[in-house]
Amino acid sequence: MQKKQSVNRRQFLRMGSAVGATAFLAACAAPAAPAADSGGDGEAMAETVSLRYQSREPERAAGIAELWKEFYPQFQEANPNVEVEFLPDPGGANRREGALSAMVAGNAPDLTEWCCSSSTFFMQKGETLSLQPYIDRDAEEVNLADYYEAQFDPWTLDGDIHLMPRFTGTQVIYFNKDMFDEKGIEYPSQEWGAWNWEDYTNLLRQFADADAQPQLWGTSNYGLNANWLSQYWIRGFGANMVNPEDNTHCGLDSPEAYDALEWMRSIIHDEPLFAYGADIGMGVVELFLGQRVALMEIGPWNLGVQADGATFRWDVAPMPDGPAGPTTHQSVDGTMVWDGTAYPDESWELMKWLTSPLYGRLYITWAQKQPSRKSLLPEYASIMRAANEKFEDINLDVFTDSVGQDIGGPEEMFAEDLVCKNQILTPAFDQVMLLGEKPVDLIVDHADVATRFNRGEINIEDLGAELDKLS
Amino acid sequence: MATTVQTGTAVHQAEQYGNSKVAETLYRLLLYGAVVLGGIVFAIPFYWMLRTSVMPTTQVYLFPPEWWPERFEWHHFKTPFAVFPFAKFFLNSTFIAAGSAIGAALSSSVVGFSFARLRFPLRDVMFVVVLATMILPEHVRLVPTYLLFVELDWIGTYRPLIIPNWFAPAFYVFLMRQFFMTIPRELDDSAMIDGCNPIGLFWRIHLPLSLPALGVVLIFMVTAQWNDFLYPLIYIQGVPNYTVALGLRLFEGHMTNNMQALMAASILGVLPTIILFFFAQRYFVQGIVVSGVKG
Amino acid sequence: MASITESQAQRGLFSWLRRDGKPLRPSTREAWYGYLLASPWIIGFIVFTVGPMLASLIIGLYRTDFLTETTFVGLRWYQNTLSDSLVRKALINTAIFSFTVVPINTVLALLIAVMLNQGIRLQSFWRTVYYLPSVVSGVAVSLLWKWLYQPDIGLLNSILGPLLRPFDIDPPRWIFSTEWALPSLIIMAFWGAGGAMLIYLAGLRGIPTSLYEAAEIDGATSFRRFFAVTLPLLTPTIFFNVVLNIIGSWQVFTQAMVMTRGGPNNATLTMVLHIYNTGFQNFYFGYASAQAWFLFIIVLGFVVLALRSASSWVHYERV
């Protein structure tokens, strides 16, 4: 039996560092008074509250500076006692690591924006303030009914909402009109639910040419890997990577999931119709811009790059349905209030402003972000076109229609999300999808290990051995 | 004394042995062939980098790849400055690199001298510990060190990046120690006879002789600090305070589909270290001990 | 310092240590100077290294993500590290990397240094050409090489492709295949040989002219001269570089992280990357600390081995 001692994390870390560093500090002078535990000067009773807001946007790129210039004075006018320091995205793969250090050290920003699994991660780790009391208090302003159905799924813990969305990007099909015209092929339909995975497969066959120099494929995405990039297809086939009822259960053991995985594997390796980006060392965008694929699956975040880089005419279309109906991915981009903030009320005030229709409009104007609020969806296309004439001929309603019709869902997260995706499922997806060395059964076997790991039946240090047994 | 030692001897040799004119020429030819060929292999990735940075977007992803840009688009070099305060990044990096390099050179030469020349209990144990610290994977002490700097209230300043280097980083202690080991003991003895204490010995004999090694420390430290990514990421707050490496990574995150601008930014980021090497290398590789013995 | 009179300086900085006014024994005096001059390192070591290290050693006794509850697990992580087959995989990959990169890079760097030290024309130009790759930042190099390894429009295959296709051989897919991924990282490491080359150059310049003159009088050929004079005198420098290379190669991380993230199918999973994944990806900091200590001991072992062997092949001026 393990002795279980629950220690507060700061106590624990103090304890650890006291053994070494802190004890020796006297040796190098610096009688530094321990930095206060609280975020601000308690006795000063400061009149102005300073909030730190960690954005996921860089400071000067993508018009964020202009956005902030327009937004912040309005916020300040309404909240003269609140100052906000805008922290631009530090970038890179170590972002979560930096945030963790700050949280451990007790000086994390009051608000932090996250994408994908990181948002759920920090919620599961208890670092996010539950927003539910505030949402209930300000229910009218927040208006949860203004968001699509599954929006809050990744951010709900024990029935309480912990993050608010900052935008919602829909995965759609981009297609190269010139390549369609050249082959005299009809463009895909502009209505969700009007075509399916079989139509899609047949369409891809007309563009793919394995013998061409260079090789041509039909389509691509960032890579059908063990994350949201394959999840939307799996859902389209009527299965889930993570069981929605039980996040310790990996749903890839169902027959529907098998069919989905087998279809993905076959369009990558049997024909091949789908360019596995990582396999050929080019991103999906490069392939599309280089006219090596006639279609690609990607979100609205790529619109600017596409408009600037394309040397051909292009448009967007809805994702094809799977056997189980319409499917797509809605991006998980949300903002959290740190549990350790000294100013929860003021942070919530800022959060409300950041999720307001006012901010949503500015976000479209300056950063081309697809709004999360249904009430703003009708304005998306017109604001986008006013900001950039290149979108004049692009059917931007394709993106927003899906949100309006509650189609698609966010990334599915495991209880032990990072280990399951990175360490357990990715090697299997590598071997099946990327390398084409193993049958889909390998993923199913790994799925079982993921379930058992989630349920604590396998220790982290035994994972490698468990997986070795399978290959 | 001839400046280039080996050339001198090679020429002497050529004169001594008959028929060696031809051999010498052949040797030179082979030598130059190898140097040029190797040079091309080493330089070609840079060429590819440069080529990519000036190519039009439409040409970069063509197959088969083209070696020469159909036209030169230098504006990719402006993109980094348009998107971020890149010039400020350069100033910040310079400050950090210079501050660290001076501290590292001063402290590590003193410590290296002590390990190389002075006898004291536990010295050899300590030197093994120096080696040991060099091999400690950085990630082990990441969070504990961070906590330490939080206690010192150094977060958000450049101090966590600079001050530790004033306490003789192990790598440079090792480097200086190895260098001092090669200085002949006879020099010490003569100085000792002159009545020098160890500090005088260090100051009058070893420090002047170690200028080239100090140059190595300076250059290595500047380059290391210039390229460091992890520590600035954790300790620096606010984009205006960013270093070039942080700026590059920031840029990379938002330019994934702009290979030209990314390569242009990388070239800009690397340029200062290249220029530094250009200016420092002559002094750097000049005869080390020779000049010391004669002087 | 100003207050120290001539005679005090003569007697030494530490004469006050003896109340009876007699001079310190020379060895005691030397020891005090030794500690004084070593003190920057001693202080720095305690504050910036040993403290954090001890802290991480203790962290290795816990199951902690620093965020949720922390559980004492005793020696569990330390005991289980070796039997973890992912750790073994990472160890094997790193060992292969190290044992190929270190010897080849040493020979390569030495070769280039000797070549460039022959008084060739445009010397500084060539030096720069060979040295440049090693000054470029790790991230930039990784991005560049990822671009070079691109299987159909990358630099390497655009040269290899036309050479191999006539023989019906497809060029390797480099970092995008399990067989070639690790060799790709190894090949890329050779490009950084310039760093060591520069140090060898400094070392070559440090060899006293008198020794060459002596060898010349003995009538040694340039080949013999290299092995009898140059190489032995360069051994301290080579030793220094080999040790550094061992350390560096066991910590290989940036390339694996930026270019392949350890894939495909863990083909480029290195030890530090695995530690990083365990700690900062999967948030098992206790286990990561234990693994880091394990790696630390392995590398320490190799370095001690190198130090032990030093007496048999490294030629120092007598200490």
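Things to note:
All chains are identified by letter, namely A, B and C, in their written order; residue positions are counted from 1 within each chain.
The definition used in the following text is that contacts are C-beta pairs under 8 Å (C-beta built on N, C-alpha and C of every residue); 3 or more make two chains touch, one makes a residue touch a chain.
Keep in mind that this is a model prediction, so the values were computed, not measured.
When chain pairs are compared by contacting C-beta pairs, B-C ranks highest.
In this assembly, the chain whose C-alpha centre lies farthest from chain B is A. Inter-chain spacing, taken between the CA centroids of chain B and chain C, is 14 Å.
Chain B has its Cα centroid 39 Å from the Cα centroid of chain A. If you average the Cα atoms of chain A and of chain C, the two centres end up 38 Å apart. Looking at chain A, one finds that residues 13, 16-17, 20-22, 25, 94, 97, 104, 214, 282 touch two or more other chains. In chain B, the residues touching two or more other chains are 61-64, 143-145, 147-148, 229, 249, 252, 259. In chain C, the residues touching two or more other chains are 43, 47, 51-53, 55-56, 59, 66, 152-154, 280. Residues of chain C that touch chain B in their complex: 9-10, 12-13, 27, 30-38, 40-45, 47-49, 51-53, 55-56, 59, 66, 112, 115-120, 124, 126-133, 135-140, 143-145, 147-148, 152-155, 158, 161, 191, 194, 198-199, 201-202, 204-209, 212-213, 216, 219, 221-222, 225, 236-237, 239-240, 243-244, 247, 250-251, 271-272, 275-276, 279-280, 285, 288-289, 292-293, 295-296, 299-300, 303-304, 307, 316-319. On the chain B side of its complex with chain C, the touching residues are 1-2, 4-10, 12-13, 16, 31-32, 34-35, 38-39, 42-46, 48-49, 52, 61-65, 107-108, 110-111, 113-116, 118-121, 123, 126, 128-141, 143-145, 147-148, 164, 166-171, 173-175, 178, 181-185, 195, 197-199, 202, 212-213, 216, 223, 226-227, 229, 245, 248-249, 252, 259, 262-263, 266, 269-270, 273-274, 277-278, 281-282, 284-290, 293. Those residues of chain B lying in contact with chain A across their complex are 57-58, 61-64, 83-85, 142-148, 150-153, 155, 229-230, 233-234, 237-239, 246, 249-254, 256-259. Interface residues of chain A facing chain B in the complex, by the touch rule stated above, are 13, 16-17, 20-22, 25, 30, 32, 34-35, 58-62, 87-92, 94, 97-98, 101, 104-107, 213-214, 282-283, 285-286, 289-290, 292, 302, 305, 309, 311. Within the complex formed with chain C, the residues of chain A that make contact are 2-7, 9, 12-13, 15-17, 19-25, 27-28, 93-94, 96-97, 100, 103-104, 122, 125-127, 214-215, 278-282, 418-419, 422-423, 426-427, 430-431, 434-435, 437, 459-465, 467-468.
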